[in-house]
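Which chain is which? They are A, B, C, D, E, F and G, in the order written, and residues in each are numbered from 1.
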Amino acid sequence: MNIRPLHDRVIVKRIEAERTTSSGIVIPDSAGEKPDQGEILAVGHGKILENGEVRKMDVKVGDRVLFGKYAGQTVKVDGQELLVMREEDIMGVVEA
Amino acid sequence: MNIRPLHDRVIVKRIEAERTTSSGIVIPDSAGEKPDQGEILAVGHGKILENGEVRKMDVKVGDRVLFGKYAGQTVKVDGQELLVMREEDIMGVVEA
Amino acid sequence: MNIRPLHDRVIVKRIEAERTTSSGIVIPDSAGEKPDQGEILAVGHGKILENGEVRKMDVKVGDRVLFGKYAGQTVKVDGQELLVMREEDIMGVVEA
Amino acid sequence: MNIRPLHDRVIVKRIEAERTTSSGIVIPDSAGEKPDQGEILAVGHGKILENGEVRKMDVKVGDRVLFGKYAGQTVKVDGQELLVMREEDIMGVVEA
Amino acid sequence: MNIRPLHDRVIVKRIEAERTTSSGIVIPDSAGEKPDQGEILAVGHGKILENGEVRKMDVKVGDRVLFGKYAGQTVKVDGQELLVMREEDIMGVVEA
Amino acid sequence: MNIRPLHDRVIVKRIEAERTTSSGIVIPDSAGEKPDQGEILAVGHGKILENGEVRKMDVKVGDRVLFGKYAGQTVKVDGQELLVMREEDIMGVVEA
Amino acid sequence: MNIRPLHDRVIVKRIEAERTTSSGIVIPDSAGEKPDQGEILAVGHGKILENGEVRKMDVKVGDRVLFGKYAGQTVKVDGQELLVMREEDIMGVVEA
């Protein structure tokens, strides 16, 4: 079962802290919102601009992305916990 | 009796938690606004853009959609409790 | 005596709860802003867009509409209590 | 002595409650901002749009208008108390 | 020494209450922000619109204008107390 | 060592109150944000408009400008305390 | 391992206060948000404008930039603490 995100939303599978450490990225324990990592499972068609056009997404399925700890909303699909967030909430793409 | 939603609004019939579980999607009990599911019964003509054009809707009647728990307003029509929400409040379309 | 609403405003005569029940729509007693029904008595020319054009209204005189309980402002004309609200405040048109 | 209102402002002379009642419009005593009536004495050239054009006013000198009780600013000119408000604050034009 | 105001700002010399009364305009003592009068000493080139164009000012040097009591910022130049405000803060031009 | 300000920002060297008095401008001690003076040391290329164009700055290096007391951010460069602010924060240019 | 920032974001490596002092810029201890310095390691493609175009960045890899103390979000990559911020948060480029 799949979810097709609307507009500029993406479906992200969070990558757990254990895997994060082994990949070389460590989330510091300092104050403030800390970025987290995940893999993109699905992307919407793009953001609707004020002139009615749709701007294509800058991320694609399979991208490993950084995002704020509280970005998106959680949904459990087929026993798997996923995140639905906007492209705007993604800080960057991790290139290994 | 039908309701024709205005602009970028949709009429959604919520799908209850029991059915949700059997379809493989489980709403977690963690904190924050949790997404819910429903079926679209009616859609408006689309969002009015600043240049006066109308952008068609990305959802259609019959779509099963995810939305935030507090999205939309409740209205009871012919004994049936429905939700009126904006397309913007829909996170994604469930493709079974 | 009539009122010509400006821009994207409409004049609405609220339809009382008693009549609402008989027409098959029941307003639930749950928390939150509950939609109410009314009949449109007059409509403005339309919303002024940022490019100076006027977008025609999607509702017309005689339409039965749903709106939030606190939408609009009350005014009594010739002993009759009416509501002045924006088209934006209308959730949908009831098609009997 | 006259005041030429700038842009989308109008000069309004409030019509007192006594006269209001006789004309058939009664302001109810319920909670919330109640509409009031007045006669337009002067209008600006119109609202400046983002593209630099000026949109003409939808009201003219002599119109009897409805507006929110707290709309506009009071100014006394030649002993007469007037209101300066934006066209946006006018709810509708009373057509007797 | 002069000040050239930027964009849509004007330099205003406030006209005192004593002179105001003699000219027929009386500022009422009721609650709320009360309009005040002044003479325009300098105007900017105009407001910068979103398309990059500059919209000319609707007021000119020498105009007597009405403005809110707390509009603008005070600056003393050569011993004279002046106000710097935006054209938007001006309610109207007094035509004697 | 120089700082090149980005977009519509300027680098300003504040002119102290002692010099201000001698030049004929006195900052009154009344309540509210009081304008201050400074000399522009560097300007950005201009403001980025929504259509992607860049609007040139209305101030240039060497201009003596008025600005609000709390405008901008302080930075010490080579022992000299400077201000980085947006052109929007500048009220006017002093022409001696 | 690299991070490709999205849109108008940049990856910045903060330059510590010790190095700051030796380079001639001293961050004063006064109240308010104090600017900090860093070197840009990566830049996004640019800001997405409302007409769908992308505006190129005004900073490039290797630029030494000033930014507010609380600008951006911290992320540790390969043991190195970095900042992800928007170009908008950058006050200026230091030209040695």
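Brief remarks follow.
FYI, contacts are C-beta pairs under 8 Å (C-beta built on N, C-alpha and C of every residue); 3 or more make two chains touch, one makes a residue touch a chain.
Here's who's who by UniProt: A, B, C, D, E, F, G = Co-chaperonin GroES.
The structure displayed is predicted, hence computed values, not measured ones.
Think of each touching pair as a link: the shortest run of links from chain A (Co-chaperonin GroES) to chain F (Co-chaperonin GroES) has 2 of them. Under the contact definition stated at the top, the chains bordering both chain E (Co-chaperonin GroES) and chain G (Co-chaperonin GroES) are F. In this assembly, the C-alpha centroid of chain D (Co-chaperonin GroES) lies 41 Å from the C-alpha centroid of chain F (Co-chaperonin GroES).
Centre-to-centre separation of chain B (Co-chaperonin GroES) and chain F (Co-chaperonin GroES), using mean CA positions: 51 Å.
Note on chain placement: the centre of chain A (Co-chaperonin GroES) and the centre of chain B (Co-chaperonin GroES) lie 23 Å apart, centres being C-alpha means. Along chain D (Co-chaperonin GroES), residues 50-51 each make contact with two or more other chains. Because contacts link each chain to exactly two others and close back on themselves, their graph is best described as a ring.
If you check the complex, the residues on chain G (Co-chaperonin GroES) that touch chain A (Co-chaperonin GroES) are 1-7, 9, 11, 42, 44-45, 48, 50-52, 73-79, 81, 84.
Every residue of chain A (Co-chaperonin GroES) that touches chain G (Co-chaperonin GroES) in the complex is listed here, in rising order: 23-28, 30, 32-35, 47, 49-51, 53, 55, 58-59, 66, 68, 87, 90-96.
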